[in-house]
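Next, two complexes with chain A in common: one pairs it with chain B, the other with chain C.
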Partner chain A sequence: MRNAYLVYAAKRIVQAVVVILLTYVFTFIVVSILPGDPVTNVLRNPQNGFSEEEIQAIIAAQGLDRPIPVQLWDALSGFVTGDLGLSMRSGRPVATMIAEVLPSTLILASMTLAFSLIIAGLIGYGSQALPRKYGQGIVRGIPSLFLSVPNFVIGLLLIHIFGFQFGLFRVIDPNSFWATFFASVTLATPISAQIAEVLVANLDNESRQEYAAVARARGLRQVRLFFLHLLKPSSLPVVTVIALMVGEVLGNALITETVFGRTGIGSLVQRSVSTQDLPVLQAIVSLAAVVFVVVNLIADLVYPLLDPRVKLVGAVRRPTTADEGSANIPSRVVTE
Partner chain B sequence: MASQDKLTPPLTRIVTAPRRAGPLLRVEDLSVSYGPQEVVTGVGFELGRGESLALIGESGSGKSTIARSVLRLLPGNARATGRITFDGQEILALPERRFRPLRGRGIGFVPQDPGNALNPVRTIGAQAQEAAALLDEPDKAIRKELILETFAQVGLDNPGRAYESYPHQLSGGMLQRVLIGLAVLPRPALLVADEPTSALDVTIQKRILELLSRLQQDLDISLLLITHDLAVAAERTDALVVLKGGSVQEAGSTAAVFSAPSSAYARKLRADVPALNPDRYAALRDPGFARLADGKAKIAVSGVTKTFSVDGKVLKAVDDVSFAVPAGTTHALVGESGSGKTTTIRLLLGLDQPDHGDITVAGTPLAGRSQQALHAVWRHLQLVYQNPFTSLDPTWKVEHLVREPLDRFRIGTPKERGEQVREALASVGLGEQFLSRRPTALSGGQRQRVAIARALVLKPDVIVLDEPTSALDVSVQADIVEVLLSLQAKLGLTYVFVSHDLALVRQIAHTVSVMHRGRIVEHGTVGEIFDNPRQPYTRSLLKSIPSGIEGGTHRNPHAFPLKEQIA
Partner chain C sequence: MTFSLNPLAARIRTARWSETFPPAVLLSFLIVALVLAWAVAPGLFTSHNPASGVPADKLLGPSAAHWFGTDHLGRDLYARVVYGTASSVTSAFIAVVIGLVVGGLMGLLAGFLGGWVDVVLARLVDVLLAIPNFLLAVIVVTALGFNTTNAAIATGVSAVAVFARVMRSEVIKTRQAAFVEASFLLGGSRWHILLRHVLPNASRSVLPLAVLRFGLSILVIASLAFLGYGDPPPASDWGLLISIGKDYLKWPWLVYAPAFVTIATVLSVNRISRWLRKTN
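Up next, the complex of A and B:
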């Protein structure tokens, strides 16, 4: 079992790396064949006031005079070794520019995700453990409430209450801790609702299973029933939802950063798009691909740990029907 | 007796409360309703200490609802009135906080379907520790010892492996042993077993029931057994309560109710037990024996072998199997789970290709046929599935379900198809009012009739029946069998009947092949197999048929092999 899992994990990781490299190549090619040459559009734009010598120097530094395949190979080998090239505008290494703004975005995104999980978990627990007369129905109504209230209303409410009434943070300083805190809460609200809906539906389904009744008949308290029995099987689909939500979290984080002028990937994207700074854009697109692939990789790796029935290799055709199930046919296929 | 001795330490450690006088469980005037619908009406019975009682009835008789009332596991919308007294305490009136200590410790529960009764994502050991937590034993290692001891006692041959396993790694019979072990581990005074064997093979069923009887004796536990099978109940319990539509039809000691049922319903239940009435359908079936001699073979299977490789190991699912079925007769394939029955019929239907051997249906060989050619064969070869609760699309109307094969094979005009659908439904005893219903509005028996009509509508020569009654109650089963046999008498159909229920096979088959681990170990007419079995395996299968007439052999609980034989 251990061994099979390691082989499975290794395979998945290799696959993930291949996907990331292919994404990089794909974006590179798309960017290269797009109409609109950055050299003409940006560098030769008279407003920017580059002299012809400066333009030639930039072209030489970026290697834009070489054939596309050579540029691709160069960029790809740089990408693999962590060298993302130089910004076309400032001439600074792209890796450094990203490293400067990445932490702030990561903090916002991971706080958002953490809040989403906490809120969804509380809703899930309440939906099962709270007695009907103490407001289980209200708890079950929260996800639809969270989904139907627009994000900005929650944001404005939080700013009004905690910013103006309690003076917890200064509204004009978007990088302070409390500002980040409440920004994450705002972002987490609709996301937690989506996770909670899946979680509650699955908890309901699991609690109707015969094993839940049998465990109850064994004298288990509701609290233990929830944490020992219901949570783990119910969280399987939640893992999938979270993996999908990470994209939404990042997207929303970028928008929030741009709107509120926080430093972060969002502001970097905005700047490099407006100046057509291709090396930076290419790096950010690849970074997004890396995030997605890694998140899905984690989901893939977590799944077999949560559910021992997950088969680690492609299904082998076995003679199984309801009648001839597990008697003398080994019922799991885990080895490679 | 060794296993009993082993259990002495935990028994002394758990000092039970002094016994109160009176019966252990008394149910008085119990009524349960789901919303406006009352499913149990004024039921009452008593169960003494160390005694056993069976609640018998078909689906919808309220027997499981009564069991769940005793366990207080009714769903939220159910309302129970009346009195249930367990060991002097009134269960229905207790708040959950006061009832919870009785769960497991006072009342143990053995559920119906062992495959769904354990959490699939946790190890059996982790779940066993929950039951062991009721023992007031602080040391986890000692608790584990007790669990392993109990596992050995319920006949798991490798308790350590079972402890480490996840539920899906064990067979149904082994899981039911685990569940029984978990239920008896905290030494409850009462064990409620809700159809503990209906999801299991006949041979496993016998072993599980014997285990329950033995534990009941050894540990002095009272047993409340819920079953639809009168024969099972009569073999295992001291008293019977026969239920229908939520009220008691008849109650009394097993000997009295079983040998001389006074109510009409109990008499019908008794008549529906296949093992007690082997010749019930003789009038319909026996003319078929004449066709054995002169009829030419409708189906010929010769030297068929099929292997699968699982985990790198090669598994011979079907090993050199040959049989022939004369037209108009019924051939039964019997054997336990994993014996290769299902693989054989998959090969017969052309759903899988055999590695070796030939299969001929109505003179046409199946081997090497294209999908289209198989299509033509399927018109004459139809299948009725095991479970009518899952084999019919719940969103379709009956008319659509039965008409689908005609649409598939483009037979007749729409008007003719409608006619044929009505005809097929009429032949299984369903009127026109069923045409617009959906499967959810049908009972199990009606669903299986629809499934048979669906097979019949193409006017096939051969129908393959894959355990067609195993998901149904004994009384509904009798109904379906009657439909099948009259159809055969009327239309001259050839049946291939797959089953592990030998009593049923004896009632309806002409010839029988006994399968064991992919091979046919014995073959003959139904008379030869049942009256004069030559193979020990066949004899052991025959012995597992519950007949209700072992009378009191459950009082001698040690006369059987203790361990589950794992193939």
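Up next, the complex of A and C:
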């Protein structure tokens, strides 16, 4: 068992490193080989008003005159050693630019995670404890409603209601408590819906198990049944889902930060996209991938330790046979 | 033992009509049909011109004359939504087709051929999954250039990985089924098995996924349009309309009307997807 786990862990770690490196290469190819050639697009764009000498200086500094594979190799080895290069627009180190805006996004992301768990928990509780016909039906419909609303609409709705009508926060002050609060709620809605979907499915499954029937027969009330028995086994698979959601938070932050006018990673992406600042884009996308891969790696490594029923077959995480029919472990496919 | 290649049709034949189509599903089909009709023949649904307005009528609330009110240039918002439908729906369709064809092919090859093809494609899918979905769409549309078609392509690229995953697992599941082995033993060629057995079976779970992705693509494309990565005004994609509306939050129908249409459409599409999955 120990041995199998070590093999599994080693393989997963190697795989994660490979994926991170490949992702960097993929992103590099997308941003540098596709039609958007940085020299003509950004530097020679008359709007930017670079003189020919400045252009030559930037080309030399960024090494844009070298063949693409050489550039890739340089960028990749820089990335591995923690050097993210220089911004094509401002000439500042990309790492500094990211470090400046990171705290704001981290606050947003952690509040989002907290709200997502709270909302998903409430939906999960409602799906079990409310009266079957109307209460449960409504609560169970919430995730699909949340997943059908464009994220920016939720943001605009909250700004309109709480910012404009109730005057809780002002749009020009995006870092105030309430603005951050509602920005996190915005980000949390689709995330909570996806967590809730898995949670509800697992709760349903657990409440059909014999031990739940026994507990009910002993006269355990629904509240205690939920917290004492159903919640723990049902929330284990949620660990995997939360790890998958990290990428979604990073991607959606782009929209939420724009809607709420916050500065953060998302707005930095937005700015680098509009100015075609490719080194910044490349760095953020690769770092997002690193975060995603590492978080999922941790989830995959911790999972077998949390759930002793999980057997490691050929270094791949699989549910044990007794568990197989229950589809307890979500696959890594997010939508199903 | 018979294998129905089309369980949906079989189900519809045997079950009672009202059981097969719950009211919510019927309503969803109606909404989707209406939206498709808007896309095909917008002129039939409104007599207003989406591009030119009456300045005197600017920022009017919803009324009998202007169902969704008017915008800051006095243009009828309902007409703008109706005329914007074609672009929003078509681009979501393009995105799904790209995801379905590219991802499906990747999954099919990986699952059917196995070996190093599977390994290479699996790593590619891992890479695509490692980049946050929306960020991936953003960098692809940045590389291609900002317009609605490119936004659709970018959305499609961001959907490839999911299709590849589902298709691969379905193909592997089917390959191991007894009737496929039987077909091999009876001398069925690889092509025959692929087309006659593997694809029809895989389509059972890929079809609901495609429908689900259609709804999601509407949202992603609306988000890209909202950020200004789609066609510029006077185009009237739903996301763009909401984006314009956000500068006029004092007149909230400019946001809520196109948002309502988007939500109703996506909700209906998702309901249909869930129904398809269940009837299968």
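Following the convention adopted for this analysis, the second predicted complex is superposed on the first by the 228 of 336 C-alpha atoms of A that agree within 3 Å, B and C clash if a C-alpha of one lies under 4 Å from a C-alpha of the other, contacts with A are read in each partner's own complex, and residues count from 1 in each chain.
The rule is simple: a contact is a pair of C-beta atoms (placed from the backbone, for glycine too) under 8 Å apart; a residue touches a chain by one contact, two chains touch by 3 or more.
Nothing here was measured: the structure is a model prediction, and the numbers come from that model.
Of the two partner chains, neither chain B nor chain C is touched by A:92.
Using the contact criterion defined above for the overlaid structures, shared-chain residue A:233 touches chain B, although it does not reach chain C. Here chain B and chain C are compared by how many residues of chain A each touches, and C touches more. In the superposition on chain A, contact is made by A:160 with chain C only, not with chain B.
In the superposition on chain A, contact is made by A:215 with chain B only, not with chain C. In the superposition on chain A, contact of A:292 is made with chain C only, not with chain B.
Of the two partner chains placed by the overlay, neither chain B nor chain C lies in contact with A:170. Using the contact criterion defined above for the overlaid structures, shared-chain residue A:306 touches chain B, although it does not reach chain C.
When the two complexes are superposed on chain A, the residues of chain A that touch both chain B and chain C are 331-333, 335. Residues 71, 73, 76, 100-101, 103-105, 107-109, 111-113, 115-122, 126-127, 130-131, 134, 166, 168-173, 179, 182, 186, 201, 306, 308-313, 315, 317, 336-343, 346, 386-387, 466-467, 470, 498, 500, 517, 566-567 of chain B touch chain A in their complex.
On the chain A side of its complex with chain B, the touching residues are 132, 209-211, 213-221, 224, 228-229, 232-233, 306-309, 316-319, 321-333, 335. Within the complex, the chain C residues that touch chain A are 123-124, 126-136, 138-140, 142-145, 162, 165-166, 169, 205, 209, 212-213, 215-216, 219, 222-223, 226-229, 239, 242-243, 245-246, 249-250, 252, 255, 259, 262-263, 266-267, 270-271, 274. Interface residues of chain A, counted against chain C in their complex, comprise 15, 18-20, 22-23, 26-27, 30-31, 34-36, 144-145, 147-153, 156-157, 159-160, 164, 247-248, 250-252, 254-255, 258-259, 269-270, 273-274, 276, 281, 284-285, 288-289, 292-293, 331-336.
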